[in-house]
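Labels for the chains are A, B, C and D, by order of writing; each one numbers its residues from 1.
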């Protein structure tokens, strides 16, 4: 039997403590609802980590024991330490999957992985969203029909400042007149990244069965295919190099990062 | 008449001071040889900036007055301040062009823009390199034939840890048996990025007329097409949104970066 | 002074002859309205070609004298001869620009260039469309704001069966609830291709100033950067090849296309 | 237990009958050696089809019962009927995998899928080739090290006239001084395409264990994730469309392909 996928659901876990509407929807935090849905898939081991734990719950031990990490953050992106962000980035480049949710678009880890600003338009009017499925053959949309409809969402509108995705999975239509690239995938290093737009804290998005299905699919898709640290080796030639009669000096060694 | 392109050539400028072989090739620094070639093109204003100047020569004033920046660094990447890197990244995302040369693959600015490790294999044996031109229709290869041949180079070999380039312009063949993606372009934000492999300090690479031609072409290609700061605006609907009878709370404001 | 861009506007030119509503909007054909807008840009020479002319107006002479071709077709795609399609494809691969409009998504030339089915959803209810500009720095959107709004259009909805575009320029929002990748660019061979969705014959789309602006921009963007026929040459080695003591036979010559 | 992958190995099967050197290497045809290697993987059912059979062995029944098709052709590309090419293309767009080998770069099916000329440089001098593995995390390179070395090959050199691959898997180094994009993947419709360069008929390439490993991996990677025919449906609105007071005519129905 195949080993289970080791998933770490990271949540900022602040709104749930301070906003009554959010508390009502997610009394134990959004991460617990997401984690429960992932566990129900049967092929995943799920652990949780949150901002206010030591090292944000993302110790070397935890990160090194994670196959796929999910990330939800919003009001406290700036409180995430740069050191932890580098630790997670390093692991993604080595092969770990990363799934960034909703307002995580502005998280340090997402912006660090992509190199862009990741800005967008937004509006909170509980409006309708319809996520169109552009890639019915992609593993992330397995079991999803032509679209997912969400009756009440925060709106995110283009221009979304991201590098062109390797594949555009979902595009959203909003009642108020905007569109958004709501499901995007990239590869960075040996790792896979999926951004998924829905997930506003004041609506029961993560209780939605189709949203849960997408997350289960995404974890399966993002699991490591290899785990490998890339270094900068000085290497011997494979072919004979003709002797050179040039006067050149040895340069310094490349600085390690 | 069109305004001239405002170019800033940034150079670490250390090897030229400490290594006799490099000093002989570039007595005033590599940046001066590069800059002279760019000036000769006639449509560029060139200024210089180096690591050991205050703010590495990249003050707000200089960065804001730059259309295209070239970047050469090697032995002192870690001495470049994070603040200056963020300043340059912000400008690239707003539209400035960035041309990263040779060992600049491991610079903070390049790794920050791409989000990857940018590691590779390397070897110094003065071996022959042939850069094959895969995109004869691309502006960067205007006037360049099927390939550029360099008699003596440092070798860089795959795997080069970069995001898949938007377009692969040059692939190198090395005498010792390796290959390398030596000319790559990406867009990030509104800015264009070109990585160009040749440029080792102990060989007269930047005196080579074809290398100079590529740099002139690249500056013209990378010049800003727009200059625009992207923010995260709260925005009014364009269409009527049906009244929602839902009990939802207002979430906090997105944190600015 | 730079030479003018040589543009050929190809139009099926059937609806305008048989449908009174279309005739009223475009008495001389859509191509004439498009061509007039292009001529007004000042840097283009415009000629026309239509389905019912000999060789559909696309003789060797005309095609070889064209820098950028625009293509509108709908009800008679199947009447376009395969030979002419091959002629146009060959020229695009050599460097000619191709701009495919609206129902041209199902034209032989578009499907031949892309290799896919190019199917989509559609509906004629004169609904509102808003084309969001995802790439404000791209030459095709020069002078275009955040979006273009069209009060009455035919709807095209995803999934649009196309290869992932090199760059996604416009995404449309439709009143009836769908989205569409309405502005897409690709490079094939040395030529550039732009697909632009608006242009239904029963609405005055090509009289719209913003649509005209996009077409002018697109012609400028798509003009040839090189014109080059690629062949399959048998070529001599650039490096010495060690004598091989193998018993191998000569294979047949590659078949020309 | 999962169903086996249904593989059809298509071979032109002409050189093996007329060239003694080829006959010696592949007495029963290259397809039989390829098929034997695939069968040994244990999870594949393999059938064969060749040019000189009725319908080239690719009847509707066979094509519809195929998950992944491999294609080797060279001297008789022009003898493959356009009707069969369309049949295979349709199936790829619906989800079937397609693996094109070596001189298949100039086959009708490959050029039809990609829309380009697929030209390249070539030379037969039995020279050494080293295929560098750029994507050690990709399923196609599972079990493959940093490179594959082939002592005697026909050379293929850039520029290879193909659309930019979704992912570049292998880049070849040749003894004679050229480079080549030897492993490339694309998605078209719902199907996956892999081009793999090695496979010249006068060398024992398909007897090589690493080449066989790549083919086994590629079949697994290319197997259908969905099987779906895309059509162009007229569709009802999902949202209420405000009544339009415009005078517009009904356009004709889109022509089916």
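Keep in mind that, in the parts below, a contact is a pair of C-beta atoms (placed from the backbone, for glycine too) under 8 Å apart; a residue touches a chain by one contact, two chains touch by 3 or more.
The model shown is predicted, which means the values in this text are computed figures rather than measured ones.
Any chain touching chain A that also touches chain B appears here: C, D. Pairs B-D and C-D differ in how many C-beta pairs touch across them, and the larger number is found at C-D. In this structure chain A contacts its sequence twin chain C using mostly the same residue numbers, the overlap exceeding half. Which listed pair repeats B-C comes down to matching contact pairs by residue number; over half match for A-D among A-D, A-B or A-C.
Separation between the centroids of chain A and chain D, computed from CA atoms only, is 33 Å. For the pair chain B and chain D, the distance between mean C-alpha positions equals 36 Å.
Distance between chain C and chain D, defined via averaged C-alpha coordinates, is recorded as 27 Å.
Annotation for chain B: residues 130, 136, 157, 159, 164, 166-167, 175, 177-178, 187, 238-239 touch two or more other chains.
If touching chains are joined by edges, the resulting network of the protein chains shown connects every chain directly with every other. Touching chain B in their complex are the following residues of chain D: 130, 132-136, 146, 157-160, 164, 166-168, 171-174, 177-179, 181. Put simply, chain C touches chain B in their complex at residues 95, 130, 136-139, 142, 166-167, 175, 187, 190, 224-226, 228, 238-239. Residues 15, 19-22, 74-78, 89, 93, 103, 106, 111-117, 119-128, 152, 154-155, 157, 159, 161, 163-164, 166, 175-178, 186-189, 200-203, 230-239, 241-242, 244, 246-255, 257 of chain A are the ones that touch chain B when the two sit in their complex.
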